[in-house]
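Which chain is which? They are A, B, C and D, in the order written, and residues in each are numbered from 1.
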């Protein structure tokens, strides 16, 4: 059989992206407290094809992933994208991974499980590398009352914060989680300038702005998108903003 | 071709249940305020086969459903099951339908949408009819404060109550929702004997018991199962109980 | 209380988008065979705020939606966006709705249910209107064999095609579905130039290109994005392309 | 404060079950090829309470789980249930865990990922231990053609088999997967007595029976429930059967 995979394609309509999606894959990620953490990712890998080629060998994507044994760190992310680009003769290579990250807080009681956070990394390589990290942090009213023990311990789920960012220097996932949770917690506490009940919408918008200010003040972050959602009875309300270092 | 669908099956291992699942189907249900409500159900239909037959005509299930045009009420439920049982020569017939039910509350502001509740009905007919109705009601802290306006308007989702019941006389879905919500709301309010913060677990268990007492006092209900879940940081807590009229 | 909703906000970090999400809402859409079809949508509505304002009245979004009683057609889409923009004093208004659309095929046997397709419409209004329609069409091997009855009737799910498009003139959802299904079916049939087994990846890419050619030849379509996924054992493979009328 | 957790409860309506649900928890399970495999489970733990007690300490569930560090094997399952029963003074203890299990097949090409299977174990301890293992195995048409290379390599997803079983002696998850896949594959191949296209329903029912026969012939299995689903255009068809060793 002719190797039609490498023949020029003269037809007018060209495939733009080709790849694999929803691969469930055990990976190892960096963990501040324990050096590494094993988790399970959903992986998407795809390339932008140059116009004069058609077809690609789908199995090569997973072959490359297998060679790195699922060790996901900044250096490997770059190397995987580089191999995808060269072996598939592509203009650009992309890899998206999404995984649960478990954080056991230092003040956690013996009877508490580590908390699960959804993380997502989207790397791409055309002429330059680009990496966006995204984290989803559930927001809950703070568990202790400021004054008289009136505030309930488990009021359930207030909402969720989704933060996407680009960074100049490596940032630990746990440092990011702690930053987001402290802002959320402060904005829902009774001593905040806008106590939670006075105006939902203000609480939501103030929390979004407070978090943005905190992220902007971090020298290691050069771009972010903050999206905060408040669950309510018939649908959620949300506020979002984006910032880019000048 | 021989009609192998109607041949006796002498092999030892027999199919017990056969049917169709996950059929997305527009239906009409009864609605206290508007007479009827159009919604979209997920339907499962299956039969228990007598041992001496093998095979069945899968298309007959949907054929029967189509004949009733998705009108789902108590009488039709019975008739559909009856047709399934006779046309498929089955020992028993089952139909499960799950659908979102929309309730627009009378005190709803112009800017509020109707609230969506998940309902499920499981009917079966062997020698006698049996029908279990199930409803999922989200639980949220009450929206107004008892005293000084301190209580937040939208504290998000505290948890969810799942109530399954058998009844002696028809019960409106909305009456059931209102009953469940009033119990939940009372148990989460500050004037309740166990204010929400003092002990999560007590709040959860007291709410479960209060709801059970209310359902037990309803003359039209002859059996129920109550399961209440409270969302918390690393998993949910739940309490459940079941009751049968003596 | 001061009306802080309308006060200028001099702080540096500004909310970019604000709105409501995941509202479950019964709607009526146009249907070629039956004039209209009642279904249930998930609705997102949001606005881009001008920098000098803060806050917005969340309830206004649903208030506007309620005024149109969930009648979703091209004219109403435009009017809803217009009201959002003016009543919320916004730079831009967006509405996304996603819903199941039911299509009963003319050649359908009595024992078949209508088939469910997921549709999505994303409209926005800044200076001009923009509307993107998206449809997900499951791909299944054709149900009849070309020659000797060899091809199985229900081989399950081969994959899914997601087609997003902008149009110059109104297009019926059902015409779009039929177009997509006929291309998929042709590419999976034995008489096709690349029979399904010879090369998965070629089948996938050829199908993507065939569908693109068909869409390009439709005078009413001015832009599209086609993304076809083939389910396989450990993840899916996909090919995608985009086209814009010159 | 009085220790109300240990006080008798004289009210008539008693909580039947209480516990924790949906805890996301990293675990280690046995793996035939690699001794152990790290994965992530969703865990439910609950107890039946004796009637004269009310309340329980929710944190104790996770405390017990933490003490076993997520090592899940038959011995630990028994020990965890035993501790739950004694520490919570319960009549019965239950633990359900659900997790993805990854299997790398020996004949797998370099470019293939391990395949993910969903597993579930439900253990309970009242007077005696009981353990049910459940596995979901996707069914796909066999990847090679019997004669002339006509059969497609990736025909997508035909359906799914759910097998639950009780065993007398330990069974490797991978042995179970291989058994299920070989039966499914044989029943969908062209040389089978009922080739896949002739009658969907027969293929489905024959496959269910073939699998049941194979499971019944395994001396280590004392009970099973087989449920096979075939995906089709507007809903799935299924057949199920159950067997108990005499």
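Everything that follows uses one rule, which is that a contact is a pair of C-beta atoms (placed from the backbone, for glycine too) under 8 Å apart; a residue touches a chain by one contact, two chains touch by 3 or more.
Quantities reported herein were computed from a predicted structural model and do not represent experimental measurements.
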So the chain most remote from chain C by C-alpha centre is D
Taking each chain's centre as the mean of its CA atoms, chain A sits from chain C at a distance in Å of 25
How big is the gap, in whole Å, between where the Cα atoms of chain C centre and where those of chain D centre?
-> 36
Note: chain A residues in touch with at least two other chains are 23-24, 57-58, 62, 112-114, 116, 200, 234-235, 237
With chains as vertices and touches as edges, which is it: line, ring, star, complete or other?
-> complete
Chain D contact footprint on chain C (complex, rising order) | 112-116, 138-141, 145, 149-159, 190, 195-200, 203, 230-235, 237
Hey, which residues of chain A end up touching chain C in the complex?
-> 4, 11, 13-24, 43, 46, 54-58, 62, 199-202, 205, 208-209, 212-213, 216, 229, 234-243
What residues of chain B sit close enough to touch chain C in their complex?
-> 23-26, 38-40, 57-63, 65-66, 100, 102, 109-114, 116
